[in-house]
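Mind having a look at this structure? Questions to follow.
Chain nomenclature is as follows: A, B, C and D, assigned in order of appearance, with residue numbering initiated at 1 for each chain independently.
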Amino acid sequence: MDLGHTERLLPVLAAVKAMITDEIAPLDEEFLSEVSIGDRWTFTPRQTEILEGLKAKAKERGLWNFWDTFRDGPQLNTVEYAYLAEEMGKSHLAAEVFNCNAPDTGNMEVFARYGTDAMKEQWLKPLMAGRIRSAYLMTEPDIASSDATNIAMRCERDGDSYVLNGQKWWATGAGDPRCAVHIVMVRTAYEGPKHQQHSMIVVPADTHGITKLRPMEVYGHDDAPHGHMHFRYDDVRVPAENMLLGEGRGFEIAQGRLGPGRIHHCMRAIGQAEKALQLMCERSLAREAFGKPLAQLGENFDIIAKARMDIEQARLLCLKAAWMMDQGDKRAAAPWISQIKVVAPQIALDITDKAVQMYGAAGVSQDTPLARQWTHLRTLRLADGPDAVHRRQVARAELARYSVGQNSS
Amino acid sequence: MDLGHTERLLPVLAAVKAMITDEIAPLDEEFLSEVSIGDRWTFTPRQTEILEGLKAKAKERGLWNFWDTFRDGPQLNTVEYAYLAEEMGKSHLAAEVFNCNAPDTGNMEVFARYGTDAMKEQWLKPLMAGRIRSAYLMTEPDIASSDATNIAMRCERDGDSYVLNGQKWWATGAGDPRCAVHIVMVRTAYEGPKHQQHSMIVVPADTHGITKLRPMEVYGHDDAPHGHMHFRYDDVRVPAENMLLGEGRGFEIAQGRLGPGRIHHCMRAIGQAEKALQLMCERSLAREAFGKPLAQLGENFDIIAKARMDIEQARLLCLKAAWMMDQGDKRAAAPWISQIKVVAPQIALDITDKAVQMYGAAGVSQDTPLARQWTHLRTLRLADGPDAVHRRQVARAELARYSVGQNSS
Amino acid sequence: MDLGHTERLLPVLAAVKAMITDEIAPLDEEFLSEVSIGDRWTFTPRQTEILEGLKAKAKERGLWNFWDTFRDGPQLNTVEYAYLAEEMGKSHLAAEVFNCNAPDTGNMEVFARYGTDAMKEQWLKPLMAGRIRSAYLMTEPDIASSDATNIAMRCERDGDSYVLNGQKWWATGAGDPRCAVHIVMVRTAYEGPKHQQHSMIVVPADTHGITKLRPMEVYGHDDAPHGHMHFRYDDVRVPAENMLLGEGRGFEIAQGRLGPGRIHHCMRAIGQAEKALQLMCERSLAREAFGKPLAQLGENFDIIAKARMDIEQARLLCLKAAWMMDQGDKRAAAPWISQIKVVAPQIALDITDKAVQMYGAAGVSQDTPLARQWTHLRTLRLADGPDAVHRRQVARAELARYSVGQNSS
Amino acid sequence: MDLGHTERLLPVLAAVKAMITDEIAPLDEEFLSEVSIGDRWTFTPRQTEILEGLKAKAKERGLWNFWDTFRDGPQLNTVEYAYLAEEMGKSHLAAEVFNCNAPDTGNMEVFARYGTDAMKEQWLKPLMAGRIRSAYLMTEPDIASSDATNIAMRCERDGDSYVLNGQKWWATGAGDPRCAVHIVMVRTAYEGPKHQQHSMIVVPADTHGITKLRPMEVYGHDDAPHGHMHFRYDDVRVPAENMLLGEGRGFEIAQGRLGPGRIHHCMRAIGQAEKALQLMCERSLAREAFGKPLAQLGENFDIIAKARMDIEQARLLCLKAAWMMDQGDKRAAAPWISQIKVVAPQIALDITDKAVQMYGAAGVSQDTPLARQWTHLRTLRLADGPDAVHRRQVARAELARYSVGQNSS
């Protein structure tokens, strides 16, 4: 069970790290500050210049599409990729610069595994090239999406088409003017096994009948121009061949899609936790009160030690989950994915909050990246399933070792 | 030790509660939504109409200036006032409608206790009438304000004037166009006892040399038009008689000012905790997943029970602290104030966060008041001294029972 | 809502406090050390001398049977009594010295409220005089007693008698050679409303058919000679008139019995928490490491502050629960009792554990009372209902404010 | 960084696991129950029969002395050994059966690395053969041993001898009648660098002047016949050649000794955590209340999930620390050892406590191994340095990355 840096990873990791530190992170704040200029939902020329400039460099250096099937050159396994994701977590722009950002990686995965040749040509190629962006429409406002069998958007066959009606929200990235395609979870049956009533279907973003109701805010942030959109679909009609794999296979696709994405999310969270710990240490040494550096006051040693211990444990758990994925048995890997989904965002939030407190009023303000980081991390405790649902999965897997059937419900 | 509702409080409390529920809270969202119209730092006509309309009604009903010396009719003690503050915490506008909002109540307190007759005429009267607003300038960006002896703004005597130079930030309410006066903590000596080197001085908000550098943001919110301002003072000159009490008495005034203010803050936090618990209960009964209302899933019973137990305990502790204040011995009351300053914001934050989680993605969004409430509450763990400083005070008071002098540092 | 010391309480409290500090606590260790001499389940002459000597003094001073209906002289209400219970928690022997120990107070309460005149003569009088002791047999080994409707000991009418069969364990105090009577919860019906199938019946401790199977241990302690006994009842026959109130009224009696007892338990736990905090403070000032008293190292200020804040809050909550009891509405008071039942033992355990850690290896040893105190407190999270059951009650009471019937289960 | 099961480990692990499950664990309770027969500090014939019988079998199967230098056949590295230690944690007798128990392994390590040939002949050989036992005398009652530079036992050169005076306590295993030798940390200098004033010296257990003052108790348990002894040394004289390595090198030896020992302790703690989780799951499925298995009530899913997540993280952290040890750089490994020393006992305690709660009153009693396990684990938060000292080490290592010298104290 090798959870360390492999030989083949080392040069890639070094290159990614250097590019983030030296070229990407220094542009984060400028990119973000441009958002308030003009229409929040377009890119300013400077934003385009920054982002496309960095992407071009990354591509040129082969630091692009690290995830297995998409990669030219040596394929990285999930453990190796995880180390890269951690680094990307330390900068706002980094994940997209390497074409490794959510939800596009997950959507590329879907097209690569389950898409037709036509879909690969139309959507996968430009996604892999970073020319278009995509969204994933799962969650709905009127039902508890934590139990995904509740998903209700109607999708009815009508001749050679499917017709979709309903609402979706929290479509991350759908505010981006480059977002060209939606992958949508819909309900196609009202009978039969619970996990075979839903389907996944591809909908071009400019299809007639799609209305952007509003951007959703996260603790007051709209995350423009990326955004989290609330859509209404009114009689949205797409060709029948846009159905992925066939009716009733939505959950099968969702499972395949979410595993690696959760590992990336979690490792980026670890990266953010490392960044918060670094900021906390720097502050605690630089700032004085009561005649001493903060580091030496009260429980600050204990806070720093706990942060280090939490990070090491969470990282090892993520790496183990990644290793489980690499063994190829999805069912065996699932409870490990649930474990990290609970652990990583929680410790990253906690450490970020402790860092905020160490910075005092500066910590809640625009003067450090901590407050923005916290709000972003906070959503991870809900996205792709709230903590409680994942703990439930972990517990059920545990109890299943002792009993068959008894621990249902 | 009567911590309950007194006879004289009951009708006032009922009137306040009813006015908040029926008249004030229903206008909160409309008032807030006006902020994004035009210049964020002025009031729209509709905002003025809402706020002044409510204030007029409150005044007319005698629900105005509840705090002791300012009140016509029966004086309420701190315990009684605390119950009113709790109710005001449940609505964005309520505290100001009753002229009970921070930092104005604290500043009125300062003028009433320590101000000259001229100050009372010029500042206290219009503050009590709700015609002007005020700010309190304490914290500075370049020093650890948690140890207030670090405060560095220079204030030098020059003939009949004092001249002030330096920066202040987090001047809450100073963005408000009605804000007419600053009470400023400054350094007037560099020798002598540590707690006698600072002073408090009154500065009209339109004095030459004051620059608004920027509004500070709280997790991305600028809280316009109230705001938290970052100021630079360049050779700001005020008459010598603007000095409160005399040079070197800044900490004496600060202590007198902060006690009641902390109780109000804490009781408003309790009110917010109650509101979050209510929202949590309603959601947990209304929403279903896995075939059951959320209330019956996982640890939700335990979360709700813990919230109730935390609130009851924190409220009783605040009431006890208020009762200690009413006994008149400030030194004895001080560690109790420190206790509630740590406890109340923490439990209110925790309950609000749990409520966010119960609401799922809606919880972090603009669709509930929870996310905004959380960011507001988060600052209370820093404002008027970070938690660590208050825990330190509580510990030192405790250890002082066993030893004299040993527990210094 | 007066939660303070009343005039009439003050002299009693002072006398109780002084007697504990000066006369009772100094004999605790000697009394306990006698347990290992000879048969653990009898009293040594010295033990009898200590205990009866102290009891005689207490009686003589009128510090005896403080609980309302039993008291000569002014009756104390529950709030007042609570303050006395807190003091008694600080010494091993104190509660019994004042005839205020569990389970005897609860049992006296049962006899006084629900007993026949004959029972009062036979059992209540000698209990009030401290001449005999009693036990309360509720919990059973084979069922989850947390759900008391599971209780299974059979009790069948046979002519003028009842015949009891089954097992009971954790009969606290039943190891005491002076224990003369059992009050036993039994099942008398298998149909009808769930809470009317059980009954409470009085069984003399020397009745034929009662076997002491073994003493139960608490983290290795048997708490001899008081003890927690495991009994088997084989055809234990008692006269029909020993049935309390009538068949099916067991839960009604249990509720009446447990309320005050829980408050006493919780206030004694608060007393133990105070004692642990005192020991912690003394140690942290007296012991040095790394060149400083422990108090000034790491998070010790924070630990001490948290202990103080936890104690104050828990005490106020207990006092509020006691005040609710004194208002006379048992149904309204019930969730408050559940709240303190969760809170008080938990914070007392936590503070005791923190004190253990501050003492290092001495803390887990026989050299401080902390380890014994911890094991005793640990059982309070289970006795009279485990935490989870009480949290469940609190949550259900909370949710009932928003909905009728929905929150069942 | 291979943290998994190696090929060479697999058969050994399987054999150890099988022997524990099938042969050792079933005899644990019988062995323990014999302690109360006769003198607690000798072995009963049955105890000897059980222990020596098992040891003979283990030796015969080559399951003996797994730790590197002592092992015939393939040497196991620290990671591999760690997996064995985890299994041994699940049974009371297992560690000694395989000759892998504390403090003997640590002492063997000391003799092997730092002992003279004569010491190896006299003490190491019989220890490796399991014929004698040993003790390690470090902690003292009168000083804060958490700061080991406080250690005060005097050791003065007198001709060809050293003469020792002072007290030592918590000498684990020193109650065992087979305990033949003490390794003792003493003070030999009062000047010079702080970490060069102490020395380690070998003292035969029967040397004149050694008095067993008493057995120390752990939450009331004396852990006879193994025990934790409190010794007084009065003019205890040993030959000068008993000094290990030379005067002033005590800390150097202590560091070398404690690293592996801490990993073993921590992995045994993980084993106990696994056992507690297993018991918790079994109980939660088997026991019913309110019409459901406990597993489905309240937060029990969450408790089980958290236990699983805590265990996986703590185990991975221990394995990483073991791997760091195997890289050979002790200074680099030190903060990792400190991390696991904090994490592993804490999560094992927490899970054991949760299991106790799930069992109700049975959990605190002699009917499950949980209460005994908890008290044993509790000492691990103090032994070999209390948590606070290890957190301090972790924090200092962290801060050292940002600053040189600033974070002293």
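Simple rule for what comes next: a residue touches a chain if its C-beta (ideal position, glycine included) is under 8 Å from a C-beta of that chain, and two chains touch if they have at least 3 such contacts.
Treat the numbers as computed from the prediction; the structure is a model and nothing was measured.
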Report back the single chain whose CA centre is most distant from the CA centre of subunit C. A
Can we say the copies subunit A and subunit C touch using the same residue numbers, with more than half in common, or are the two sides different? same
Could you state the distance in Å from the CA-based centre of subunit A to that of subunit B? 38
Measure off the straight-line distance from the CA centroid of subunit B to the CA centroid of subunit D, and report it in whole Å. 53
Computed distance of Cα centres, subunit D from subunit A, in Å: 43
Contacts with two or more other chains, residues of subunit B listed in rising order: 298-299, 301-302, 388, 391-392, 409
Help me check something: in the complex, which residues belonging to subunit D touch subunit A? 1-5, 277-278, 281-282, 284-285, 293, 295-296, 300-302, 304-306, 308-309, 312-314, 316-317, 320, 335, 339, 342-343, 388, 390-396, 398-399, 401-403, 406-407, 409
Give every residue of subunit A touching subunit B within the complex, in rising order. 139, 141, 144-147, 150, 169-170, 216-221, 287-290, 294, 297-299, 356-357, 360-366, 371-372, 374-375, 378-379, 381-383, 386-388, 391-392, 409
Residue numbers of subunit C touching subunit A in their complex, please. 298-299, 301-302
